[in-house]
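Please find the structures below.
The following pair of complexes shares a single chain, subunit A, combined with subunit B in the former and subunit C in the latter.
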Partner chain A sequence: MGIYRYTIRRLLQAIPVMLGVITITFFLANAIPGDPVQILLGPSPSQSEIAAIRARYGLNQPLWQRYINYVLGVLQGDLGRSIFYGERVTAKIAERMGPTLLLMSSSYAFAILTAIPLGVISAKRRNKPTDHASRLVSLVGVSTPSFWIGLMFILVFSFHLQVLPSTNLVMPWANPTEIRSAATRLDVLVMSARHLVMPMVSLGTLQMAALTRIERSSMLEVLSEEYVQLARAYGVTESTILRKHAFRNAQLPIITILGLQLTSLIGGAVLIETVFQINGMGKLIVNSIFRQDYPLIMGTTIVFGVVFVVGVIVTDLSYAYIDPRVTYDEVD
Partner chain B sequence: MATTGSTSDEVLDTDEGVGEADSEIESRVGWRYTLGQVKGDPTALAGLVVICFMSGLAAFATLDAVVFDYLSEYAVFAQFGMRKYWIAETFWISPVKEPLGARRLLPPAPLDNAYGQGTWDHPLGTDDRGRDILVRLVYGSRIAISVGAIATVVGMVGGTVVGAVAGYYGGWVDDVLMRAVETLYAIPFFILVLSFIAVFGRNLAFVMVGVGIASIPTFSRLIRSEVVSVREEDYIEAAEAAGVRDRNIIARHVIPNSFAPVLVQGTLQIGTAILIVAGLSFLGFGVQPPTPSWGQMLSKSRGVMIENVWFSIWPGLCILVTVVAFNMFGDGLRDALDPRLKN
Partner chain C sequence: MTDPILEVRDLQTHFFTADGVVRAVDGVSFEVYEEEIVGIVGESGAGKSVAAASIMRLVEDPGEVVGGEVSFKGEPIVEFEETEAGTRRPTDAMLSNREMRERIRGREIAIIFQDPMESLNPVFTVGGQLREFIEINRDVGESEAREIAVEMLREVGIPEPRERLDDYPHQFSGGMRQRVLIAMALSCEPSLIIADEPTTALDVTVEGQILEQVADLQEKYGTSFIWVTHDLGVVAEICDRVNVMYLGQMAEQAAVDALFHDTRHPYTDALLDSLPRPDRTVEELRPIAGVMPEAINPPSGCRFHTRCPDAREVCRQVNPDARDVSESDERPHRAACLKHEDVFHEDYWSSPPIDNETDSGFAVGRTDAGGSGDE
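Presenting the complex of A and B:
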């Protein structure tokens, strides 16, 4: 099976999953007790006001009718209107998507760039002090709450040393004229990087630690393979073996894990956005739960679901692309 | 039909008896071996010690905060003055009430800050309302340990049943169940728990069940992959040939022989669940004040971090130490159950 057919098949398989996500989210959100209209209109709205709002958001229809309408809407890219903001949910999410994606991708980059060298060194110097140190780092890393790391960073770098800002994340693509104390594009980039360091590291630490563990055990496994032993017997130097023979083959499990780790990355983003007051999708969903803004809760959850499903498909595809031994039939 | 029915019943009974004895011997030997391995692993042992210590604290806190509260409804116990936080208030200090003449935001005993000199009455300092931090940490362990453990058991039981059934039957049952699990997995863990809490309220029981349900996919996928290979074993075929009912095969043969990785994952999952519950409390979705929990203490400390650093350090350290312990023990357990993985 060619890569195109495989891609199409994976996308088709994602359809029932996404339909399931929409269904679960819809019924969960509609089971939330309390009346969002009441929250929106305050303590004593008139009957006609309530009726008007209900009609506007289609809340006067029976549940199954609303479900069918909602699914049809989602299929056309319409996630409804936010009750609290009155805006289209898609517009609100598009507005908040940037910071979250920036945060998530930079954390992943940080995690990959630190975990791979740590894991490789750990495997190379197995049971030496370097290995113990790296294992300790990854053990503590997987066990520390990300939001606490964030709090400690703010304490040390913002309050104590006063070298890094703790709030007001600047987007790297922001217009320099709209940002105070930034004259050129470079200023904006520098500001953005300074703002991003702490959230990035606090969110990425868990991923870094998890990846380090996998990288280490994967390297060790590859290093004990017969072809590596053969290379050693031929007198190939250890560093060449590491670079040319072992490294690439050891990266396969990492790719799989990257896709699956997305779920914990998203959860972490919700917390980190709260700690550093970043106006992203994580804060959006927390606030919409407090405000019982059903359309927004559903919309954000579905978009997170899409991000995850697409992420997993992309990792599956790249897996098959990187490892020629994997045919598309086997990857499922 | 009636006669064949009775014979197959006989066969079924004997087979069950044999199967039981067999798996019992096997698992007993297995357990003894596993425990021996863990004993020889200092890291795992250290983890176990910390887990036991924290569980002890949590058990004590549960007795004082929940059991006494429940029993105090009955006149027999109420006449002794039994009430919520009875032990704490009689012998120590209340974990929820502000003491009279409370001194806010004191540092740990030997240190001093803008709010005064720390005292040995409050060895770890006081919080934003002048309550003792140490006593709140001790009572906060109850939430972390109990929610972590119960949520994991919910996920483990649910995931094991789903995964074993899917793996054993295969075919459309497998397809339907695994697609359902995949769907559940496609909603990010934290978001799923958040929506669960939004629906059912911030009641602690629902937080546990929510975290448990959200972890079903992890367990069911794990056990399914084991079951698929166990299913092909001769003893399963023998049991099937002897006419043992499917649910008995699954419960007595398939699950016990596929359970080791689930147990390891379960230990690690308790750590994850503790982190998640702390995160939920931090956002204000967990246990509600004044009941102390580590996550909620961290959330409170955010506003007064400059005034009293220690208030935000202690709860984080407690979470860290507890989760590290579960991870160390879980890793040790994995090495003991599957020495091939030991690197």
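Presenting the complex of A and C:
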């Protein structure tokens, strides 16, 4: 089976999963005590105002009716309007998606680019000081909450040393003319990088730590394989063995974990966006829950669900790419 | 006869584990001459693979070659000297790791491992792996290495070798993979190939075909082989000389004919008795009594005395080394058994016998063989 057919089949298989996600979130969101209209209109709104808003968002209909309407809407690509903002949910999400994707992908990049060398070195110098140091780093990393790391970073680098900004993330693709003190594209990029570094490291540390440990054990396992011993027996140098004969095989578990870690990355993004006041999806989802903005809660959840599903499919595809034993027909 | 190409003297390789020192190879000597196939036979755990790894200097942690000598074409692969403090250290002349890698491994001595399923890297094509090793060890470029690979795959009996170069290991059967590994070893044109039970994982028909092919190729290329196996049948088929190993030491070393027809060690006798042969019924098969003891705390004296039907008191005290016991002086026939009193000068025959018959393992072995019914 070709890669396209496989991908399409996987996407189709994801539909019932997404339907489940929509159903659960819909009823959970509506189970939150309180009333979005009251939150929107403030302490003493008039009865007619309330009725108008309710009618406008269909809140006067029974729950099951609203559920069916919602699902039908989603099938046509309509996620409804935000009660709080009054805008279309899709527009709001499009606006907030950029910062979150930037944060998540840079954290992933940070985690991968640090964890893989650390893990490989750790495996190569097993039980030597470098190995112990890297294992200590990953142990601390795994057991430290990301928001705490973020707060400590702000305390040290923003308040005391005053070298890094803690708020107002600048997007690298922002228009230079719209940003004060930035004249050129390069200025924008530098500003963006300075803003991004603390949230990126805070969010990526957990992934980095977990990946380092997996990379280490995975490398150790592959290095004890008979085909590695065979390469040695044919005079291949240790560095070639590490780079070529062992490395590729050792990345298989890493890919699996990367796919699964998307959930914790999404969860972490919610916290980190709050700590660094980044106007991304994470903050949007938290605020919409506080405001009981049902359409927005639903919309953000669905988008995260899709991100996760796509992530898992990409994982499987890269698995088949690395390991010739995995073919698209076998994966079910 | 010329000088041997490989000489192993009193080789000792130990594993330093949490439970204690495993004496996997504990004073083993043998040699390999040009253009011959030398067998190393022994039960599982006898130390055959560890001995093979020691010759390549590929023993992995926590194992270490701790004593003895290995010399290959006069070059010291393993060589120790005494320090003033009375400890051993490798000599300066001993080949460095770099020299081992660049001059010996693959180029002079190649190895074929036991499990064809685990020996090839699953993520690279068979052709790619062959080519890489040929390029390293034959100093040829990519396209020439490819041609050598195709040629050699054809020699070992892989149909349509050129088309199969781009296939991955999982697309080959076990027998075909083992042929690939044999081709890999031969194509580097080493002087010596160590084959560590290469046909054990295969079915008998395939094993037979491969053995025949190897014997032909050995003649054609004049390569020497160390053929590690636990199967005396295989030894009879392809070996010129054979070394019988027991618990890290040599029991008997002789030309194949002499070993089979003029056996000088009770362990070899026991191995031969356990071998299925067309002139014997199943009832006459006698599995070797008991199990081989652990190499971590080997028995005192002769290591075989706990299972030897001929064991006597003196065998508990004296551990015999393998000495020449041949009567005619054409080729040495070594055995490590005190029964050869004229060579070992211990009072074996006057020493009281140890009754191994009451040993449970032995009794079970006999009852099983005899009790299977004779209608």
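Note that the second predicted complex is superposed on the first by the 331 of 332 C-alpha atoms of A that agree within 3 Å, B and C clash if a C-alpha of one lies under 4 Å from a C-alpha of the other, contacts with A are read in each partner's own complex, and residues count from 1 in each chain.
As a working rule, a contact is a pair of C-beta atoms (placed from the backbone, for glycine too) under 8 Å apart; a residue touches a chain by one contact, two chains touch by 3 or more.
Note that the coordinates shown come from a computational prediction; the quantities given were computed from them, not determined experimentally.
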Clash or fit, subunit B versus subunit C on superposed subunit A: fit
Subunit B versus subunit C as contact partner of A:F147, first or second or both or neither: first
Which of subunit B and subunit C A:I266 touches, first, second, both or neither: first
Subunit B versus subunit C as contact partner of A:I297, first or second or both or neither: first
Touching partner for A:G98 - first (subunit B), second (subunit C), both, neither: neither
Partner contacting more residues of subunit A (subunit B vs subunit C): B
Touching partner for A:G235 - first (subunit B), second (subunit C), both, neither: second
Subunit B versus subunit C - smallest C-alpha distance in the overlay, whole Å: 12
Footprint overlap on subunit A, where subunit B in one structure and subunit C in the other make contact: none
Parts of subunit C lying in touch with subunit A, wherever the complex brings them together: 56, 58, 60, 101-102, 104-107, 110-111, 113, 115, 118-123, 132-133, 136-137, 168, 170, 181, 184, 188
Interface residues, subunit A side, partner subunit C - complex: 224-227, 229-237, 245, 248-249, 322-325
Complex interface listing, subunit B residues touching subunit A: 179-180, 182-191, 194-199, 201, 271, 275-276, 278-279, 282-283, 285, 295, 298, 301-302, 305-306, 309, 312-313, 316, 319-320, 323-324, 327-328, 341, 343
In the complex, subunit A residues that touch subunit B: 16-18, 20-21, 24-25, 28-29, 31-33, 126, 139-140, 142-148, 151-152, 154-155, 159, 216-217, 220, 262-264, 266-268, 270-271, 274-275, 285-286, 289, 292, 297, 300-301, 304-305, 308-309
